[in-house]
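One chain, chain A, appears in both complexes that follow, with chain B as partner in the first and chain C in the second.
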Partner chain A sequence: MTDLTMLGVALIILTLSAVCSFKFRPAGLIGAIVALLIGLNTCNYFPYSIFVFLIGFVNLLSLVTLKSEIKGVDYALVGLMTLATMYIFNTSDFAFVLAALVLVSVPTYILVMLREGGANVELGVKYISFMVLATVLFLIGAVILFYTKTAFDGFLYVLGYVMLVLGLCIEIGVAPLHEWVPDVFASGDPIPISIIASLAKIVPFIAALWILVYTACDLTGSITMFTAVLAVISMFTGNIGALTSKEPARVLAYSTVAGMGYLLTCLVVVSKPELIYLALTGGLLFLFSNAAGKIGFFNAVKSEGAYSILMFILAFSFIGVPPLMGFWGKLFILITLAEMQYFWLVGIIVLNSVISIPYYVRLASELGVSWEANLSNLICLVVVIITLVTVLFVPVEWFFSSMEAIAHTVGIAVLK
Partner chain B sequence: MNEWIFFLLLFLTPVVSSVPIALAYKSKEWTERLPYLSVFGIFVSVLMSLYIFFTMEGQYSWPWLGPELGINFVFMCDYLSRYMGVVTAVIAFFIAIYGLDYMKGDYRPSWYWFCFNLFTASMLLVVYSDNLFLLFVGWEGLGAASWGLIGHWFRDDDDIAYVGKAGRKVGPLELSWPPSSGGWRAISTIRFGDVPMFFAIAAIWVLAGNLNISEINWESLFMGIGAAGTIILMLCFLMGLFTKSAQVPFSEWLMTAMTGPTTVSALLHSATMVAAGAFVFLKVTWYIEPWNLHNVPGLELVYTIVLFVGLLSGLYGALCGSGMLERKVLLAASTMSSIGLMFAAGAASFWFHHEIAGMNLALLVGFWYMATHAFAKASLFLVAGHLIHATHSRFLCGGLEFGKRIKPAFIATIIATTFLIGMPPLTAYWVKSGMDEVMEHLYLHEPHIVLPIILLILTSLTYSAIMARFLSLNFIKGEKPEHEHLEGGGLMKLGYSMMVSVLFILLFLIFINEETAGFVHAGYMSMSFVVGVGALIAYLVALYVPRISIFSRVPGTFFNDRMYLPYLNDYITPKIGFFISYMVQEFGNRGIDAFFNTKVIPGLFGAISKGIRKIQIGYLNVYVKIVLGFVMLFLIIASIGGIGL
Partner chain C sequence: MNMLILLLLPLIAAFVAPLLKPKAATYLSSIVFLLPFLAIIGCLFNGCPSKVHLMTFSPPIGEFYLHFDMISHAFGLTICIVSAMIALYALPYMEHRFKEMELNVESEFRKYIFLYDLYAASMLWLVYSGNFVLLYVFLELTLITAFLLIYTYGYGNRKWVGILYFLWCAAAGVLTLAGIVILAFGNNTLALDVLLAGGKVSMIAWAFIFFGMIIELPVLGPHIWLPWAHAEAPTPVSALLSPLTVGLAGYVLLRTALIDYSFIETYRMPILVYALFSSIYGGFSVFKQTDFKRLLAYSTVSQMGYVLVALCLGPFGFVGLVIQYMSHAFGKSILFSSAGGIIAVHHGLRDITKMGGLHDSIPQISNAAVLGFLNLGGMLTIGMLGEFFILRGAVETFLKPGSPAFVTWGGGLALILTMIFMFILSVWYGFYTVRKVFYGKPKDTKRLEISSYLYMPLYIIAIVSVLLLFPPLSTALIQGLNAIPGLGLAGGVLSP
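And then the complex of A and B:
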């Protein structure tokens, strides 16, 4: 069977299980897990797919605690997002990439409104307004950029680039376009928010990188400064904003703003496509560690605390303490920037990591409680194990080679 | 041939042989037996030093931190170290034998023997090291061991170990120091010099790329850093030597180092510690060859400073000794004086190029004076220890009757003092004659200054007088001791008898050695003879009148109080330290605290953070305005920037 057929089967299982879940709730969960397993089998890049699978799986698991009105369908939505995220590297087709972006984005519109005993419509409106704006900007930007690939026009290229980056910024929450993030994170239910903060960030990043690299031209080198400046604003806004925030969910919101700033710096690599595997390694490891940490922390917020040691390990991963996964992510981002001669940006990232120490430690000590055997602690344990994978397997070789292979797939020569 | 085995035995045997007693510190039975093993360890060092003396010459090197770093086990068996190694090992061995008796029944023999042997091994390392870093390791070993030994009687429970009269106050300061304070004063003073010395060594390493004293190209090093660089580098290096050798104004620790057991004082004053400073100066000067470097700017100033620090320390020590009432402190002051003369002689080599057997006479004078002084002074200290045991008093006391009953000590003192003061024709006379010639040279030739020879003569005369005073007030004209305990002490007598007898061997060596022929030649000169006779007269006068009552209050007390230099050490310097510490605490720490911890940075971050959070008012229309505003702004900027591309 081809990949596409398999994907089709997975989608059908998802749909059927969602329908069945109206009669039998656990059907949704079972169906989503089966679909994910099929997706895992389909995906060509092993370390990447297993990470995405694990994140999707933990997201599904955490949804168990949420007693929403559409119980059952929410599993299918997360399953759909995970499948789209897994599949993105299987294709070099522009239309599929954009479809994946939409498939990851749209389910969050519904997820964000979930809460126990009703729907958080006000929050939904706030979130959807920004997401629509983001998607429109992103898609138009992407279309313009693809147009310039066939008929080059400098003005259009710059316009397309800026629109795409702005769309991405709104989508993932980069300052100064981050206003929705603190409100949504603080007033939504922690479980769906943990999905938005983890799984939903991967595809937009890959899609943007993919499109920008594919459409890169002579002008790219000079315009990357725009991305770098936005990244710096976002890092400082997020980290400093988090310093005086008291509510854990709000601290996590600002931490997301800062984190997306780190991530955005990876986009400066687009003017040197031969280095894309470095940016992919850094960006994805960062996203995985970010996802693990956000899931852990939001689950702890939901259950009003989790095991203290787990909380601290996640906090240290966020700060970037070696040899946790967060460290490797930041390290490869820094290597990418150093290769691109953006040394000042390296300094700013290190400085921001230092600024972030107090609030992460505070967050861990506030959310940390003694051990108790419950689902929340189990989820935290799983994400901590994900974070610790890099302790056992230093990701220089296996992750790297996988990223090089990916870089080949998207049609970019890799300098050895 | 595996020469390394000899060096290994030389340095390690004293330390290894004292490990058992250190480990057996709880067992009274073993700590009474094991000192013999420690002494045997030093005996092995004596054999090794003799073997090296007779058979080995030149540089021996083995890799340590890596040849590319230039920090290796490099030993130099040259004239100075071969002689000095034997002097150190033999003196340590004789003192150790004496110590078997002297330290019997002590409350912590393990501590004593381990530190004593470490002290000896460290000095041997300093003596043979050619590599400055390796030398510094031994140098620090000396510092640590001396701290342990000076403060050996750390309980401060016996007045016999104090320095100064208990309860005597002058102004705000009590001029009395217990052993615990003695150890602290020693280590704090020498640290004050060791730190700049360490930086100087580091600077030499960086600038010359080599730390082997004999291989460094000193001329190009000095020329490379200019006059100011040379002066700063050498003064930093000399700080270590001056503090270790207790030259003015760093002499205070030496006086209160007398709180340690007498064996320690003897070793400290003869062949280790204070001698280490002067020895390293002679050794470094030996290879710098300053008499050939008159073209180097700044070097003359450095050597002038050393010359006068040495001469002034010589006179200061001798004068203080003339007022001293305590046996060991008198000897300590005289040691400081002698060490000063060694520095002065070494420094004079800058202007004095006269060579014998390829060696500079001024350096030979400095070194031979060190050797003579070592044996004589060690003998006197050992005698002083015996006297303290016999009279239960650390103050000068003992008449002729007492002297007759303790004949070996009496005779040893007569020999040691007469051989040391420079009276013709005994050992030190020939060496001092050489020194007279050197200082006279500074007057008659370059740099035409008369002060050195005047200071030398004054020091020599005063020095003779205080040696006679020691003899007279302990054995001839002193007050009758309150206690007399003359039994036993066989090993003690053996110790100082052997020690003092070496002075005859040295006299013999001066006459037969080729390189010391210059001393003999100088001894026949009228100038030397006049100074020698002057010393003899001063000696005899002081022997007859050891106390002049009208001088006993002023300046006697002034000299006994070491010209109030303790104020600099115990009052002024700590006050400066406390002031700096106060300023750092009040202004520095608080300022830093306010900047980083309490006000400026936290305030700034707090304000910005609140500003960032202020826009989160919850209204969608406001957010949309902000975001759309930014989007429009960026698009306009992009459009303007993109036109024409």
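And then the complex of A and C:
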């Protein structure tokens, strides 16, 4: 069967399991896992898809602790997001890339409202307003950029570039367009928020990178400074916000803002497509470690603490201590910036990494408790194992080679 | 036995030792460091393979391998013997500390020994890392393990001190990482052998690495964290942190200098003056301290000034740097352990004003401390060779006509006299401290019972430091160092 047929089968299983879950709730979870396994089996670039699968799987597992009114459907929604993320490298068709963006974004509109004993509509409205704006900006920006590829116009290119980047910034929560992040993260239920903070960030990043590389022109080199400045603002805003916040969920919100600043720096690579594999490796390893950390910490917030050693390992990964996954993400981001000769940005990332240390250590000590056998600790243990995979070094090289292959196959196909 | 296997033993022991009883875990930890120590001694005489391949990374990271040369061996044997001996020393000390903290001795010892072994093994792997990324990984692993040891078992406001230490050293680490990344940009690899064979270190990469490592070293200014961390860490950790860990910054600077010396050549004079000032300031600060461990911490600031001075002094200075690391490590591990011995026997006594005449109650510790200060002062121990090579480096650099850094006789002599004053200062504060702590009018003349674990390991370290002054060990070591391109007699333009 072709990849597309298998994707269809996976989607049908997701839909049926969501329907069945109204009668038999575990059906939603089982169906989602089966669909993800089918996806894993058919996706290209196993090193990438296995990480996405694991993140999706842990997200699904964490939903077990949430007693929402749409139990079963939420599994299907997370399954759909994971499938869209896993398949993003299976195609060089931009229509699919944009569809994947929407497929990852829209389920979060429902997820954000989930809470025990009802729906958090007020929060949902606030979140959806921002996300719709983000998606519209992103899509219009992308369309304008595609247009300039065939009929170049400098003004339109800059307009499209700015709209797309601003759309991305709102979508993933980059300052100064991060207004929704602290409120939503602090008021929402920690479990759906952990999904928004983890899985939902991957596709927007890849989509933006692909589109910007594909539409790059002579103006790109000078306009990347716009992205770099936004990244710097986000790093400082996020880290200072996290340092001055006390509530763990709010600290995590600002940590996301700072983290997305680091991620955004990867976009400076768009004027040198031959280096895209470095940015992809850095950005994605960073996103995976961010996802693992956010899932662990938000689950700890939900269960009012998790095993302290696990909390500290996640904090160290966020700080970028080697050989944890967070380090490799930052390392490849820094290598990308050095290759692009953005040495000043390297210095700012270094400074921000240091600023972030106190609040991550504080977070780990506040959320760290003694060991207890429960689902929250199990989830934290799984995400810590994901974070520790890079201790063996070989997985990093494996992932890096895979990104080189993606850059050569998908990237070249896209650039044609 | 294969060096790779021997270097793996301490890492494996970190995971095995926690499964054993404290005494067995201690012996295991000590043996796994003694075995590579003996193997390195064998390498001094018989040589050993120059590298062991681990894995190949895509550019710009390059090959991961273990790099074996006399610099690594010199650092490696120091780390091994000090770690092995301090592991033994820690058995009664940490039991005492756990009881003091009202913790369960057996269960806490499991956590402690895991962190201790991992900490010491990380330092050992750092000096054999043949790739800057691998080196950075172990540099940060030493930071994390030391942080956790201070945070969990330290004295005073241990959590605050732990975070202070972590913050400063993490800042040092990431600055260095930035330098390493920029180094990769220029050379498309971070493998040491390729870089040594013709790599270039840009000024910006050098600047990041240099400023990162002078925080870690540390010299005057960024030294704020050091007195706190070294004083409040549990003593076995202080006895690794001060003697071994901080000096590794010197190792990183030396490796970078051997790739490309241009940064130091360009800024030689300001760096040298700063290093001398830092060392002398640190030396004088010793006299102001009333806490014995803090006093030793300031002595570390002074001694690390030597390392930075040596870095500025070309090929002979590099040999001096390596030997200075060794002598300081031997001396300071003995001295911190002596301070710990006093704490253990005299129920937490650290205040020098309440000491005096302790030789009467604990002569074993007192004599060991004298041997420690002899190392710092460069007398009758390997420290003598360190000071000789530093001075030879100064003469070759500043007084030899034709040297790129040649200065007038007056200027050169002034610099050399300042260095000699720096050496004298160490002897001065050494004897001042010995007199103040161990001699003078005793407060209690009663001989106290003391576990042999608290002093015997210190004598073994002292014996090694003396043996290394004499042939055949000293000759093998110096000849090995002289054979490395860029060092000593093999240093090129500055060689006689």
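We take it that the second predicted complex is superposed on the first by the 406 of 416 C-alpha atoms of A that agree within 3 Å, B and C clash if a C-alpha of one lies under 4 Å from a C-alpha of the other, contacts with A are read in each partner's own complex, and residues count from 1 in each chain.
In this section, contacts are C-beta pairs under 8 Å (C-beta built on N, C-alpha and C of every residue); 3 or more make two chains touch, one makes a residue touch a chain.
Since the model is a prediction, treat every value here as computed from it, not as a measurement.
**Student:** Clash or fit: chain B and chain C on chain A?
**Tutor:** clash
**Student:** Should A:L331 be classified as contacting the first partner (chain B), the second (chain C), both, or neither?
**Tutor:** In the superposition, A:L331 contacts chain C only.
**Student:** Quick check for you: in the superposed arrangement, does A:V350 touch first (chain B), second (chain C), both or neither?
**Tutor:** Touch status of A:V350: second partner only.
**Student:** Please work out whether A:G154 is in contact with chain B alone, chain C alone, both, or neither, and reply first, second, both or neither.
**Tutor:** first
**Student:** Chain C clashes with which stretch of chain B: 43-51, 79-87, 97-105 or 133-141?
**Tutor:** Clashes with chain C appear only in stretch 133-141.
**Student:** Could you pull out which chain C residues touch chain A in their complex?
**Tutor:** For chain C paired with chain A, touching residues are 55-58, 60, 64, 133, 136-137, 140-141, 143-144, 148, 159, 163, 166-167, 170-171, 174-175, 177-178, 181-182, 184-185, 204, 208.
**Student:** Taking the touch rule as given, give the residues of chain B at its contact with chain A in the complex, in rising order.
**Tutor:** Contact set of chain B toward chain A: 605-606, 608-610, 612-613, 615-616, 618, 620, 622-624, 626-628, 630-631, 634-635, 638-639, 641-645.
**Student:** What part of chain A is in contact with chain C in the complex they form?
**Tutor:** 312, 316, 319-323, 327, 331, 334-335, 337-339, 341, 343, 346-347, 349-350, 353-354, 357-358, 361, 365, 393-394, 396-397, 400-401, 404
**Student:** Could you pull out which chain A residues touch chain B in their complex?
**Tutor:** 125-126, 129-130, 133, 137, 154-159, 161-163, 166, 170, 176-177, 179-180, 182-183, 219, 226, 237, 240-245, 254, 355
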